[in-house]
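Report on the structure given below.
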């Protein structure tokens, strides 16, 4: 943390300010310029925020020098984190995310609707080469009048699909009280709207399942990593980050896919990063080309919505791919993954 | 809902599309132009979203004509909703929000820190004319290493402050499991990060206390009203909306106070609207002038952070006002309120 | 400027980096911490930008400490700048902006359309108390097929309106080649789309007329002041800043009026600041309440679109007020201005 | 255009409104629902904007159905536009953009600094396989105190570099008055800050050189196409669009590269689209991976900044690649281009 004092700060006030910092157990470096006095804070500043200093009248500005996250930071943990989904279950084929050699695809419908629908989708995505089945049981819908998901019944249907296909399953958790139903879920998704639901994150830190943490609608990269930190600091290091489009001023796509997040997160963090092109654009025909771009950007995995009959889907009908298009996408993706020697 | 079909849509596909709509119990108006066919949907379209139609290959675009919210809409409920906070409690002075004759101020520290601190703040804000005491017991902090609030102990201290001053109290709820501790809280705040925590909203719909619902960091006005709709549709019509600054590209203030929300929400909704200038700007010296502007914009109430010793505050130190400045602000505010014949 | 070096920077590279800075005539303060080395640059850093340092492999980050603007800064020029519009012209009533005692209103139609239209509008706004007449002769339209303004003929009509009413006139300049037609224009507007048209700004720096510089659609406050600096550094200190709404993710108003800009600009700059509520919201009925809020926020002047028959206007029909509503707005505005002892 | 009338609109007012539309030479389709009356406008609505109708009291909303651009639209011109840069000049190797078979790279330094610098850069980028040389002679800098470019001398140096290497040259035009110096420039760039400098666009419409039109800092896709329309409607159909990052709320990269623009623009327009990863991220080490992603997204060409000694560059030092890294990038890019059968 660097604190810059105002030109007119009195020596006495500066001394008292510096004493206050030392009392917090921090070291201090002071640089007196002609115009400004610059104070560098040394030690563990992770509990501090720049705002803590701005209330003092002699302070002009304060800025972090070190990243506010620790456990999520690559400087803290230089090796890539590799997460295994669906390990040690009879009949289930585990999927590894973050090993640098593969580009696994998580696929399935937006919502679990009926047994027939989810089983058909599971078989279709498996046939095309997907490695994890997704499907929403609890749905975060903007309107209270929209379909809210099948709830625990949806989870039961995902379990059947897992048994049928051997694919690990991924579904979203919206409330702590439902966590008891997630014992057979292999990858627990935290949606964009809950990415700063800190109580939920803390609880997932105490649970023993990998977490797929989506970036908020207008979450910064730093906030995303701080939310990962909430989970990790509470005991669960199996966190996978997910970029799914951010909100901008232009509405030609539902959100704006921010692919720069992939190389940037790989630089500053050791956690795997998944791209969700379906929610990013919200437009079916655009999903394949964004998937290719995500592969070239170095994403560790992709999450793609697939429905056997998109025009009859109960939610997000406009962005789900039918199996025939998903198969073509997988073929193309395999070629892009191969450029870096990766397989799907 | 208006659906526009592509130029090249075949008559047969149009017929089949229209049949599908009729089967949902909706009426249809068809306008065939040279270029496009326009289909107007008649009836209750609140369960539909434009995305439901875009998956169909013959559809070019789809748009809502009616607002997606109902109970929160002024066309549904033409009279202003007036919410009373702290009614029917011995020794407590109730506060009315939304009556058009008053401009009550909710004030107090960002966080409840100690008994001494909250009691002093409560007395100071009461003396200056505030009508409701605020103070955070559960704190949504970006970092897991920052002070997370006193929790239920904070609620107990707010109760003491209420007893001492007679001011109703307002504090934030972050998790459904804590709701049992809110029996003596008079106004339950839903923070910006939880404004689309739909499970929390549903639960508050079943609770019997007024709710102060904050707009999300990048929430649209429509989303804010849909979140209010979640609470109302579940049984609680005592919802107060709060604009607290939105996220933009320019970081010279913490957020950007969007005062246009006040007249706009008054036009489309009957719910009261509160402005929170403290979180909007995050800068102490800017709070008074934004408070005056909010009064002139027609806000029904203001929420302002006040701390007896801001530079020692455990959170948001940079934006809290000391009592002396809060008193001056209240004097100025009274003059602005008086222009429209309102009192504080 | 503060430059933070990477942990792993070699002593030799640090020395060479420091030498490079000294060769640019700057002083250096070095603070070596356990983790990072912090280098403070002393002297005139206005020609440098943080990017200049980031290409060096040993640099982790670089940040400005001083503002990048000088002439526009309050620390450079502590007294408010007061600009007089329309001075020393027979029959013209000069208008002063920035004196802290008045809240003059600039009003008139979006575009100059016909002689009859502009003369009627000029008389109507004068009658209601406006102090400067606005009207677009050169129109920046998104579409090449929309009305592009009357051009020099529009300027001639504004001159007639000035003669008729004695009001100074304000109109927008879009191209340097047209500047010769602005000899009788009293306040030259630079529109949002040209706010970083640096060649135009340089030319206006050499011209002898006050400039009304609008903030860009997504211009930062710092960029606005740097654009003012372009004009001032070229010789023209009569610059008035204008906030006219910024672009955000929510489209319920055309733009988002950022009233925090008023107190912030007053803090960091000595230049007057005008609010344009008409372009900010783009909605006629919202203009009066935003005008009141702008007055309470401390704006030095307002610019409001008025048309004698808005529904027949050739551009921006939806945001122009008819004279009857403008008169009511002026009455209300006078009351808000009076709170701080100002008159219109 | 579809206009929706308010529920309470009187029959008489509707008739009068419809008559007004017919007088503009447009046809009308009327759909009367229970709640709303919907009016569809038929004919050439390109001169109208939704705002034209909103001033009428009986209008609730108005929306475009057809795109506002015509000449830039794919429905107007179904075949891809292919632009040739540097044709018919002795010793110059022409470069084709938009043919679907190639992925040419435009490369060179941010600014032309000295003869030695630009000649070295030109030779380096040619050696690595670039097809067009870029270099700024007129520089749009936020600060008036920053290096403003060599001006016409910079153009002369680009001509020398063209002669030496046979590469066509691309440089930015900032003012109409400088156009006479662009006779030997092969591709004229319009920068992000001038993308709605309509006078400049009109002038380029009358000039005979291909134009590289950059999307504004917060320009919408629709605005970008309307700016292309300004050039095309004035006679020049050789327009190439460029996405170079947009402004969002998160500043971890300088701008946010919006790769969805590539497939979207290919869908709605026939014009080629170039990606500029250097300005998008502003971070040297991120440029290669974004280049690969842009190739996979289907960009028709890339523009990449290369400087023989980036840390000594006079502008944008942090984002320019040294030749060694550019060569590696070109090798990788060739592999990604090959997936779709393209060559550099």
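Descriptive notes on the structure:
Per-chain residue numbering starts at 1, and chain names A, B, C and D are given in the order in which the chains are listed.
To be clear about the criterion, contacts are C-beta pairs under 8 Å (C-beta built on N, C-alpha and C of every residue); 3 or more make two chains touch, one makes a residue touch a chain.
Heads up on the chains, UniProt names are A, B, C, D = 3-deoxy-7-phosphoheptulonate synthase.
Model, not experiment: these values are computed from the prediction.
Among the other chains, the CA centroid farthest from that of subunit A is the one of C.
Chain pairs A-C and B-C differ in how many C-beta pairs are in contact, and the one with more is B-C.
Distance between subunit A and subunit B, defined via averaged C-alpha coordinates, is recorded as 27 Å.
One finds 40 Å separating the Cα centroids of subunit A and subunit C.
Computed from the mean C-alpha positions, the centre of subunit B lies at a distance of 32 Å from the centre of subunit C.
Counting partner chains per residue, subunit A has residues 218, 247-249 touching two or more of them. The touching residues of subunit B, counted against subunit D in their complex, run 2, 4, 27, 29, 31-36, 38, 40, 42, 61, 63, 65-66, 218, 247-249, 251. Per the touch definition, subunit C reaches subunit D in the complex via residues 46-47, 49, 51-57, 68, 140-146, 174-177, 193-194, 196-199, 202, 216-218, 223, 226, 229-230, 233-234, 247, 282-284, 310-311, 313, 316-320. Residue ranges of subunit A in contact with subunit D, taken from their complex: 218, 220-222, 246, 248-250, 252-253, 256-260, 262-264, 267, 280-281, 285-286, 289-290, 292-298, 332, 335-336, 339.
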